[in-house]
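Take a look at the structures listed below.
Both complexes shown next keep subunit A, but they swap its partner, so subunit B is in the first and subunit C is in the second.
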Partner chain A sequence: MADVFRALLRKEWHEQRWRFFLGLIVFSGLVAGMLRAQLVPSNEAAVLLYGPVGLVFVIFLAAGPVAAERADRTWEFLMAQPVSRAEVLRAKWTMGVMQLAVTMLVGAVAGLLAIWSRGFRIMPKVPGSSTEFSAESAAWLVTHPALSLCAFAAVGTIALVCWFTSLFLLLARARNGFAAALGGVLLTIALLLWLPQLGSGNKALLVVAALNPLSPLFLLSSWRAVFLPALLLIHIVLWVVLPLRYVGRRRIEKWIGA
Partner chain B sequence: MSNPMNAIQVESLRKNFGRQEILRGVNLDVPAGSIFGFLGLNGAGKTTLIRMLLGLLRPDAGRCVVDGIDSATKALELRRRVGYMAENQTMYGWMRVGQLIEWVSRFYPSWDSTLAETLRQQMRLDAAQKVGALSKGQTSHLALLLALAHRPNIVILDDPTLGLDPIARRDLLRDVISQLQDRGATVFFSSHLLYEIEPICDRIAILHEGQIIKCAPVDELRETVKRIVLKPTEGARVPEIPGLLDFQAQDGQWSLTVEHAEEARRALTPISRGEVLVTGLNLDEIFEAHVIGRREVSRG
Partner chain C sequence: MSAVWNWCNLVRKEWRESREVIIAGIVAFWICPTMLELFCLALNGGHDTFPIGWWALIAGGWLYAIIAGANMVCRDWGRAEEHFLLAQPVSPRAVVWAKLVVGAVLVVGLIAIVTAWEIALTRRGVFAGDSEINWQSPIPLVCVMAVSYMLAFTAAVMSRQMLASTVVACLVMLIWMVAPLLSSAMTRFGVLIFWSGARGSWIGEWLIILSVCVVIICATTSLLYATRERVIRLGNKQLAWTVGLIVLALFSVAMTEVGSSLQVRDQAELFETSKFDLGSVRTVQRGDRFFVTCYDYSHEPGWVMATFRVTDNGRIEGLRRFLVPGILPRDPVHGELLRDEITGLAINENGQLVVTGIRLHVVRDQRGNLWIRGPGEFENLWRATLSWPEGGRLEVASRAELALPTNEHLRYVASEFGSNIGSLRYGYLTASVSEGGLPNKLYVFDWQDGPNPSPRLEIPLPQDTSSVRVWGGKLRIRIQSTNPRNQDREATFDFDQPETLLDKRNRSFHSPTYNLQDVEFFRPGGYYVQVAERGELAYVSDLLGLRVARHAGRGHWEIVGETRAAPLAMLFRLVPQPKILDDSLLVESTERGIIAYDVLDPSKPKRVGFFNAIVPRWPGGNPVLATKRHLVVCEYNMITILDRPTNAKAESQ
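For the complex of A and B:
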């Protein structure tokens, strides 16, 4: 079995490596470039990178693997081998997660190098302030830009893996890459637009926090960061463990189709 | 209960795609060790049935038992034991021939690397060539190699010569015959080109409009299905002929294709002005009579 999975992974690497390298170059370049040029303060840059930019990268990774095989008609050849659909999907998912994680890691290293090259002075002085930083931005996220970047990279990677898993399974039904990419964009936008509509009460906030894949990133930069481990755990169970657990079940097989 | 003498057994198989009925209660027995021709027009449902044999599609009703395994419940075990070549099989173009063979071998515990290498050399496939750069004929040979190298008891070939030129087709069929003839494997050969099946098969089934309309040994078909040509007497009516497959009347001459030739000849002799001519048919003509034969006869 392990031999079969390794063979599937090897094929996935060959097929998806161009996405990986392209994503790696663009993402690392953005992280390093934004931090080096001080376009935005480091914590906002991190939210931007691991939020919207990360989501674009997730769509890029999640849309291709199954849809491209269907469009090339190699999916039929693959399915005719004695491998289950669930096993093929797990191999594709594993490769996607590995590529996502490595890209985030390399992006963080590039960001650290950028911060180091500026002598760890990422946050510009606040005009008119007696201290170097405003009271609000004196939080550890600003005073320790390197540590902040590492924290955002770790939490951002988990958040993106969560959204990647669900999006990957939802888009496995698509018949070609364009339809999958469009579906990925629309689903992501729909989720992000729909969540704020749930209301602003405490209960609604809890639901939004649990459903929004990016909520751990926002939590990281607020006093509620103490709830972060619990929220990450909820996200991992809700977005990764449950969908993958049901991947071999008939309902998901039916959804993905022949 | 499945019969151990049958390599493939299909029972009351039904499949709809939306409102379209593709298979309408198909029953089929393929004896072990036979070379079985599965005929049908394009779109008759041959590929749908084959995909269900391999457990790639779930039937709406009925079941398929292949090599003693129910295809709906143990599809992976079944695919490990069956060799399958799809119509117009598309493989990974970026892989090299040797790389693809090695990759596919990982899925089959019974893979015979020596046999794979022998077949590759016999089929003159260059291990270093990219799969995407192979000709259609070479691609078909490679697909055949992949279907045979794990020494399956049952080989399912779904229109394997589709899209090949006549020479490539003959070349592939020669390889199919030479590889499978002495091995005692059961071959389930689906095709719409009957002349290519005729010399190979010992039994055929015809699928038409979602049902098996004929299943018999090829020799029996050739023996019993005949064309009868006669000039009828003035005002003669066509008698009741059991097994009438096709009737054509032209220039005062009748041409009938019938399943029970001797019986029909006896019924027609009294109304014939001269000799009743009985001629044999090839599989192509038998298939045509079964599938598009005009059975309605104006008896007035």
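For the complex of A and C:
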């Protein structure tokens, strides 16, 4: 069984490696360029890069694996092999997560090198600005740019893996790459723009934070960062463990379609 | 005759098949905006409206033209219908030509309809409003949409792929939009700059020339390629790589243009608290040792001075802070109090710190607000010489307060930043007959005349003297004109040689030079003109870049060198203040960073570095100082040591 899974992984690597290398080069280049240019403090740059740019990369990775098989008419051929649909999906998910994690890791290393090449810079505390606010709440983000980048990379990777898992399973239904990419963009916009509008107040914010897999990224720079480990745990269970556990169930398989 | 008839039939076919595209364009850019505009008109009491259709066309017209161009070809070309078409008595070139013409008519027709409607609605109709749209306005729009259409059409003929031709055309348009923002040399071709209004009259011509060239090249390529059976197939991988690498390249160029390029060597917080008065910060340097003073509001309020040394490898060493001794505190707890304000900080020939200040009479009212008694008045001027040996304490070496003439209404002579530091040796006061009246006398004090110097010179000022001030390193006496049509006149003196003021032959009054500079150096789009002078040269900074001017006599200047800023870099040039640090280096400090120029050759000033610092406009401080190897930048409470730009460093050494 392990051999079959390894073979599936190898197949996925051969098919998806161009996405990995393209994403790796573009993401690392953007991270390094942004942090070397020092246009904004490194913690703000990290939010931008592991937020919107990371989301584009997640859509890029999630839209490819199944939709391309369907478009090339190889999905049916794959299903005719002696492997279950759940195994195929798990292999594709594993390869996607590995590519995502390695890209984020290499991006962080590139960012650290870029910061080091220009000298580690601390932003001044401007009265009334976000840097002064962070001086009171999470001063280490400003005073330790390398550490803050590593923290954002770690939290960002977990948040993006959570969203990748959901998106990957949702987009598995798409018939071609274009439809999958469009669906990914729409779902991500819905998550980022519509979900926060659900309500105001502490309870609503808690619900939104629990439902939004990207909320840890924005929590890191606020005083609520103390809740971060609990939130990350909730997200991993809610967005990764549960979907993968039930991916083999007939109802989900039926929804994904053969 | 038969060929013409066949071509007309092709045109008719293309026109019929383009109905969906036409309907989509009309609905998106005319009908929907028209309904919204009429809705606005009905609700708006002023009966004027916003040209929604026009702006929709500007925002999305180029994309519509791209999709229309790609669709025009790919709906049958490259499919089974292509072979059916070519089986007819028509040549491939005739088919492509018919598609090209129909698509062009469609795009131009849409622009014409929308423009005519908007002009009719906002200018000619009963709801005439104040609109900037005229018959010349569509020219850049036609250029952009024509180029978009032709690029997509040509890409579609060459690839026969809808997605590929759309993506390729979008990429080329992205480069066309972004490239002029990244290079001042390409500004003339910029579409966004054309619409932003920051343009000269000649830019439009270049835009039209470029567009016509692209249209001709694309049309020729399409017709030549129509007969070729081999097409250039672009797969998803190639397209994705192309998009990714082009985005990365544009981003890299943009970051190179506006990103920080100076290496950070060391940083330190000057004061233990960020609760200090930014306007009170003064800086001075003695070789590689720096002194900064400011008013600290923290638990122990008072004037604080910090000193540090910058080593050869750019490290900050020996950072120490002390309360400046012998200075009255600033804020009275209650009632009335005298307080000292440090207005100038300098180093004398003995290497001692010279602190100059004013003594004010402050009153706190019942609501807790502080008032200075007598608007603009002061109690006295004082000067303290401080010694601060390495490793020692900050001590007062000497202190002097002026012995002011009695029964006079006195004012101190302020510099452009409100400081009274003007000269290291002399202090200047003006006297007037009545409070707030015009000055009629100038008192000159020599700070070296003991602890209470009396006036060394008493110089009667010309009648109608409106002000005496220090600006641009000179003492300036200004006479107001009695005739409102004439300009005020001004005489300038060296403030370290007050004797020259006594000789009336030295008083040659002429138009104020800084007003002349403002007029002479102003250019459209440059906005604020800031000048730094050194000898015969003036370094003029404005939004568009740095110019070097040489004095050509009689208040006239000739531009001898210039470096223009790229449009993207203009975002980081808010009111640039030039400051000449030495023969080879000039620094512009703006609210969004500092820009370093190599000015060793005045005819070729060169931008050699940028640092994205938060440099506030300090009233009397120098936010950027330099050593032979490093730049020292003061950002609020933070001191940052940067590498001096390579070119300027090499030349200066």
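The rule we apply is simple: the second predicted complex is superposed on the first by the 241 of 258 C-alpha atoms of A that agree within 3 Å, B and C clash if a C-alpha of one lies under 4 Å from a C-alpha of the other, contacts with A are read in each partner's own complex, and residues count from 1 in each chain.
Definition applied: a residue touches a chain if its C-beta (ideal position, glycine included) is under 8 Å from a C-beta of that chain, and two chains touch if they have at least 3 such contacts.
Being a predicted model, the structure only gives us computed values, none of them experimental.
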Original post:
Who does A:74 touch here: subunit B (first), subunit C (second), both, or neither?
Top reply: first
Original post:
Just subunit B (first), just subunit C (second), both, or neither: which does A:14 touch?
Top reply: first
Original post:
In the superposed arrangement, which partner chain does A:82 touch: subunit B (first), subunit C (second), both, or neither?
Top reply: first
Original post:
Who does A:36 touch here: subunit B (first), subunit C (second), both, or neither?
Top reply: second
Subject >> Partner, of subunit C and subunit B, that touches more residues belonging to subunit A >> reply: C
**OP:** Could you look at A:178 and tell me whether it touches subunit B, subunit C, both or neither (first, second, both, neither)?
**Re:** second
Original post:
Which of the residues in subunit A come into contact with subunit B in the complex?
Top reply: 3-4, 6-7, 10-11, 14-15, 72-74, 76-77, 79-84, 258
Subject >> List of subunit C residues in touch with subunit A within their complex >> reply: 163, 236-237, 240-241, 244-245, 247-248, 251-252, 255, 258-260, 263-265, 267, 274, 278, 612, 614, 635-638, 640
Subject >> For the subunit A and subunit C complex, residues of the former touching the latter >> reply: 18-19, 22, 25-26, 29-30, 33-34, 36-39, 60, 118-127, 132, 135, 177-178
Original post:
Which residues, counting only subunit B, touch subunit A once they are in their complex?
Top reply: 51, 54, 56-57, 76-77, 79-80, 84, 86, 88-95, 103-104, 106-108
